[in-house]
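Presented sequentially are two complexes of chain A, the first with chain B as partner and the second with chain C.
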Partner chain A sequence: MKFKTFVWFVGPSLFMMLLFIAAPLISVFIQSFQITQPVMQQIEVETCTPGFLTQTCTTEVKTVPIIDEETGKTQTTTAWVGFQSYKNVLQMDKVWAAVGSGNFSDILQIDFWKALRFTLMFTLVTLPLVVGVGLMIALAVNNAAKSLRGPVIFISLLPFIITPVIGSLSIYWLFVGDGILTATLERWTGQDIAMFAQAWTIELLMYFYRVWHVAPFAFVIFYAGLQTVNMDTLESAIIDGASRFERLRYVIIPHLMPLIIFIALIHLMDCYRVFDEIIGFRSQAHVISLQWLTFDFLTPDDAGNRAISRAAASAMLTMIGIVFLLILPLRRTWRDHKGGAH
Partner chain B sequence: MYLKKLALAGAVSLMGTSAFAACAYENDVPLKSLSAGFEAWKAVTDAMAECGNFQAELDQEFRTKQPAAFEANPSLYQIGGVSNGTITPLLNAGTIRPLDDLVAKYGQNLAPNQLIKVDGKIMAVAMMVNTQHLMYREDIFNDLGIETPTTWDEVFAAAETIKEAGVVDHAIGATMKSGWNLAQEFVNMYPGFGGEFFNDDNTTAVNSDAGVKALETMAKTLDYTDPEVLVSDSTYVQQQFQQGKIAMSNLWASRGGAMDDEAESSVVGKVKMAAAPIAMDGGAPATTLWWDGIVIAANITDEEADAAFRLAMEGLDEEMVKANNEAAIWLIPGYEPGPLAKGAIDTATASPAPPAYPSTTQMGLLHTALGNELPAFLTGERDAAATLVAVEEAYTTSAKEAGVLE
Partner chain C sequence: MSKATAQPLSLKIFSGAFLAFWCLIAAFPIVWIAVMSVKSPRDAFAASAWDVITGPATRAAGNGLSLIDIVLGLAGLYFAVRWAFTRLPGLVEQFSPPGFIVLGWLVGAAAYGLLFVLIFFGVLPYVFGALNAIAGPLGAPILGLTTEHYVAVWVENQFYRNFMNSMIVTAGVVTVSLTVGTLAGYGLARSGSDLAFWLLIIALVFRALPHSVLVAGYLPWFINSAEILRPILGDLSPTLYGQPWAIIAVLVAINQPFTIWMLRSFFQNIPAELDEAARVDGCSHFQAFRRVIMPVMWPGVITTGLFSFLLGYNDFLVTALLLDAQNQTMVPAIAGYFNRETTTTDQVEAVAAAVSITAPLFLLVMVFQRQIVSGLTAGAVKG
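Entry: the complex of A and B
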């Protein structure tokens, strides 16, 4: 392809990527080293608020931002603070204190580490499950009678087309309080069941929901891959007396390996950004994730304060985490790619 | 021909329904408002809409949208619905205007205690008060021979009796959803034990005896609540009441009307209101007082502000209150307190009276810190003392970032 044609093809998407990915990333990177705050002053203010029949007036010293006479906006100052926001998020001093005293559970009291623990575990537990379940559905469909395949594919794809927030909300409603499923389970077991009262049941529901939601994606990819398995190799394996499991282990899985790596890559990236489950399940009291932490920093409180610097720092840390997670599978892909070129 | 007739009929019926008759004048300036979405706001904005050319946005997420929307020039909304919690960012940024002139021009019917004055200037007009107070199932209390509790100790004694009798799923309902709701429970309980939120130098004072007592009382509540209480917000508690699953709760007065809503509630007429229980002898009821009211944006023309305020007065008039007497504890003249208002009025007029929720930047920061750190205490991961230290640290970090602490 001519270089000019190449540029015309790639140019627009490159521009979009710079505008919508690179530029915000650089801006967040810079903001994570800055703190912008309003200039505050202390003034004595008399405030009158209603009781039911009377009015209560109190005079107190209030700390309020200074409003610029000319622009009518609050005056702000921006200062470079180095790694201060990262320190505030990571709270390493407390981590070392916990390590020093041997109380490792204290580390999980810090929001960031609590979120990291769950995010990592969520990612790593669901990964093999998604690959395994996806492969099983693909094999089952592949071996199903031709007339059944269409409906089976349609049904197994359904979870994937549900909007994630809606999906997690449905699970929440099915199980919370006297939800249909909890009520049924209670009647069946004769025990009082509260799925949202402790962390482990919530986490279990989250794993279940994520696998249920993502497995169809893995299934579609694997199913496509199964159509390209070399029939000659399979038949010769049968003649050699290989069992069903051995055929799977030595013929099919090696053939699907690049696809497994691909699914793993996508899944790691998606899962590390786990967010919908936290909101949908209202699990903040028990379980939080890194993305939720960033969101929480960004949400303004009633007085309009938001911790933008810490949100930026937490977002950068999340990105660094994803890069670390992706290094292994990416290196393998790169090796395969180079090997293929020779 | 048929179509034409249909269109004509439609137009006539539209005129018939909106019939500016209910409004004293016809509004010709396009106006918009942004407020919370509960019953009282619906009543007020419906009354305003009768004058025409008015669009109301009722959104429970208004608190996150309002500061930015009012900072735009021109402001995206002319009228805002606020409470003493959410007026702070608007006051701080100077995006709402003083209303003295407009009150003089259109506010003849306002009661003096409706005027929210900051530094001598009227910045908002309150329409109702709200507070969390005790709601209880009178039938259950009568059956078991329990007196209406006035202190938290009596609440727990009553809860114990109800639990033993096993007449409801859970004796107490609580708005303890982690985050804002849970923090509000502490904000109610802590002053009840005589606690102060801040020192003079803006550092927080919650790490104190009163703080520990407040936390212990909250933890004691858990013995009698739904085990999933850390996901339950006001709506959830309201539904538990309506479905007869709980026997009492310290719930928002604005939710009272729903107890007698025959379409939703299975306990119509059985839920009674009482003052919020006190936490210690001689203390104020363990709750905070809130008001809801309207503000007018600063970044709009004077003509628009004039029209907006005139319209708001039309929405806050006696006629609206008469038609929606039970929707809120109105401050507007013409309101006749019904049985549902008893709890809120007893709470507000108690002596000593509970404090109003403070409208300060620091309070917003502390509220967030409480909302994030308290769950670990209630799930048992951390004791009361360590939790209060964590709250103090979280507050200090964010207060430094926000510029209120050096």
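Entry: the complex of A and C
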């Protein structure tokens, strides 16, 4: 294909990606070093309240934003502040104070570190669970009668396809207050249970939700992979006296290895962006994630202001994690590409 | 199956039990919110599961189904679904003009949905009401069921506005991202150059980006876009914040990396000899694409379209931050219920709204199960 034709085919897509993905990235990068504030001025205001004989008047100095007379909006200035926004997000002074005094748990009181801890732990805990549960379902479906497979796949797809916010809400409603499962648990254990009063129970539910949501994806891929297992190898393994478990360990899992890597990669990318669970479980008071932190900075506060520069700084810090996440798989792909070219 | 690979009974039982357990876990939360949504608040949050299912408080309030309702209703449902799968396709093909079969299906599905709602919620309750009145003990309600929360959500809270916004956004996302993505996917699949490889790698990196990073980049520009664009467009310059079409552009771009990867793997499965033959016969690349590739690419395009649909439909983060209240789509709108979720009635209304959002997805899996499965495996198994 000629280069010019190639550009015509790829051009529109590339344009969209450059305009709406690459350009915002650059914009975020620049914003993270800037801060935009309304221009304030100090004015003397005399307020009078009606009183007997004479009015009672007080003068005070107030700080108010300057309002542009033409547009009626507040004037703003943009200033370069260097790493100030990063400092505000990271709060390193508090971190060092915590390290100095030995109270490491104090670090987790700071929003950013709290979010980082949860995001990483969430990613690492759910990854093996998703692969394991997905593989088990795939093996079980492969074992089941042919007529059962269609309905089972249908039911399994439901958690995968459901809107993440709604999916987490549906689990939230099972446990909230005296939801049906909390009530059942209380009856079994005989004590009062509040699932949403402390961080660790919410986290458990979040892990459960994510595995419930993603395991079907792993299952479908593993199931497709199981259909292509080489029967000859499997039979020779049987002749060599391999037990059922050994066949799984030495024949089937190596065959599925590329798929396991693929799922792990997709899962790492998606888990690192964990966000919808925070909304669905309404856990912001206890558990937050990196992406939620940026979302929170971008949401207008009570006065209608958005902390754009702090959001940009936290977004850039989130990006650093993505770079670490992708270095290994990208190096591998590059080597494969080079190997394939020669 | 040979004797050596035959499984011991214990393993079979274990595998079957595990599968049954998984199906229970997979379906339970979704089925349960569907059950909760048709009960009065007291029943929906009752402590005993049996009370939630049978709904004594709902029944006491005079909303319930009798044995006659259940039997006739299920029979009606069965015939309605059967008719949809046996007769509807024929009717659609008969009445849609040639070349507009997709449009025909859209109109057919919408008409069917409307008719379904009209008959099951408009006509049948009155018919059954009359039947129950003359049936005596058989006509007494045994199962509590009320549609009041759905009425409250859709009519009083005007959820249909959010539904329309969702439909506009998703339809836009699917159409634009498929048009742009198909061209790019074809170009990438047929070009083996280093440039194509790098584009794909960059797309992979873009796919990994958290969406909040991108939204942090859009927000200041979108809010001030009217002033930024004024020198170029004059007084026509729009404020992009809150505009559905701006959201469509954003979601299309976010979706592009995934779309081109997926479509590329589909196009690689179409033999290159096909368009080479067309080129030998004197077609340009675009003519070859239009006349030879387009007729055979639909399975891949439909599958990719399904995933674009899911992205547009399920998105919370982008729509919550970039759309204002009037143009809100369904998923962020449900967050509005959290803030006023003070009484249990509000909670059950939120449940009803959640079920309303899930219902179209349920239909989607029912109709397109095969395409979804093939789409999931396309990227992974074929490399």
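Throughout what follows, the second predicted complex is superposed on the first by the 299 of 342 C-alpha atoms of A that agree within 3 Å, B and C clash if a C-alpha of one lies under 4 Å from a C-alpha of the other, contacts with A are read in each partner's own complex, and residues count from 1 in each chain.
Note that in this section a contact is a pair of C-beta atoms (placed from the backbone, for glycine too) under 8 Å apart; a residue touches a chain by one contact, two chains touch by 3 or more.
All of these numbers come straight from a predicted model, not from anything done at the bench.
Peer 1: Looking at A:Gln191 after the superposition, I want to know if it touches chain B, chain C, both of them or none. Which is it: first, second, both, neither?
Peer 2: It touches nothing on chain B or chain C.
Peer 1: Looking at chain A, does chain B or chain C touch a larger number of its residues?
Peer 2: C
Peer 1: Go through the superposed model and pick first if A:Cys57 touches only chain B, second if only chain C, both, or neither.
Peer 2: A:Cys57 contacts chain B only, not chain C.
Peer 1: With both complexes superposed on chain A, which partner does A:Arg282 reach: first (chain B), second (chain C), both or neither?
Peer 2: Both partners, chain B and chain C.
Peer 1: Please indicate which partner A:Ser101 is in contact with in the superposed arrangement: first for chain B, second for chain C, both, or neither.
Peer 2: Once the two structures are laid over each other on A, A:Ser101 reaches no partner at all.
Peer 1: Just checking: does A:Pro216 make contact with chain B only, chain C only, both, or neither of them? Give me first, second, both or neither.
Peer 2: A:Pro216 sits against chain C, while chain B stays out of touch.
Peer 1: Does chain B (first) or chain C (second) touch A:Ser13, or do both, or does neither?
Peer 2: The answer is second: A:Ser13 touches chain C but not chain B.
Peer 1: Considering only touches as defined above, state whether A:Ala140 meets chain B (first), chain C (second), both or neither.
Peer 2: It touches chain C, and chain B stays clear.
Peer 1: Go through the superposed model and pick first if A:Ala315 touches only chain B, second if only chain C, both, or neither.
Peer 2: Only chain C is touched by A:Ala315; chain B is not.
Peer 1: Looking at A:Pro159 after the superposition, I want to know if it touches chain B, chain C, both of them or none. Which is it: first, second, both, neither?
Peer 2: In the superposition, A:Pro159 contacts chain C only.
Peer 1: In the superposed view, which residues of chain A touch chain B and also chain C?
Peer 2: In chain A, positions 177, 282, 299 sit in both the chain B and chain C interfaces.
Peer 1: Show which residues of chain B lie in contact with chain A when the two form their complex.
Peer 2: Of all residues in chain B, those touching chain A are 63-64, 67, 71, 84-86, 88-89, 91-94, 112-120, 126, 129, 177-179, 182, 200, 202, 226-228, 230-231, 236, 289, 291, 298-299, 329, 331, 344-345, 348-349, 353, 356, 359-365, 367-368, 372, 375-376, 378-379, 381-382, 386, 390, 397-398, 401-404.
Peer 1: Using the touch definition from the top, list the residues of chain C that touch chain A in their complex.
Peer 2: 2, 4-5, 7, 11-12, 15-16, 18-19, 22-23, 25-27, 29-30, 32-33, 36, 45, 47-49, 52, 179-181, 183-184, 186-188, 190-191, 193, 195-197, 199, 201-221, 249-250, 252-254, 256-257, 260, 285-286, 289, 310, 313-314, 316-317, 320-321, 331, 334-335, 338, 347, 350-351, 354, 357-358, 361-362, 364-366, 369, 372-373, 376-377, 379-381
Peer 1: Contact residues on chain A for chain B in the complex?
Peer 2: Against chain B, the touching part of chain A is residues 35, 37-40, 45-57, 61-65, 67, 72-74, 88, 105, 109, 111, 176-177, 194-199, 281-286, 296, 299-305, 307, 309-310.
Peer 1: Residues of chain A touching chain C in their complex?
Peer 2: 1-3, 5-6, 8-10, 12-14, 16-17, 19-28, 31, 36, 136-137, 139-141, 143-144, 148, 150, 152-159, 161-167, 169-171, 173-174, 177-180, 183-184, 212, 216-217, 220-221, 224-225, 228, 234-235, 238, 244, 259, 262-263, 269, 272-273, 275-276, 279, 282, 290-292, 294-295, 297-299, 306, 308, 311-312, 315-316, 318-319, 322, 325-326, 330, 333-334, 337
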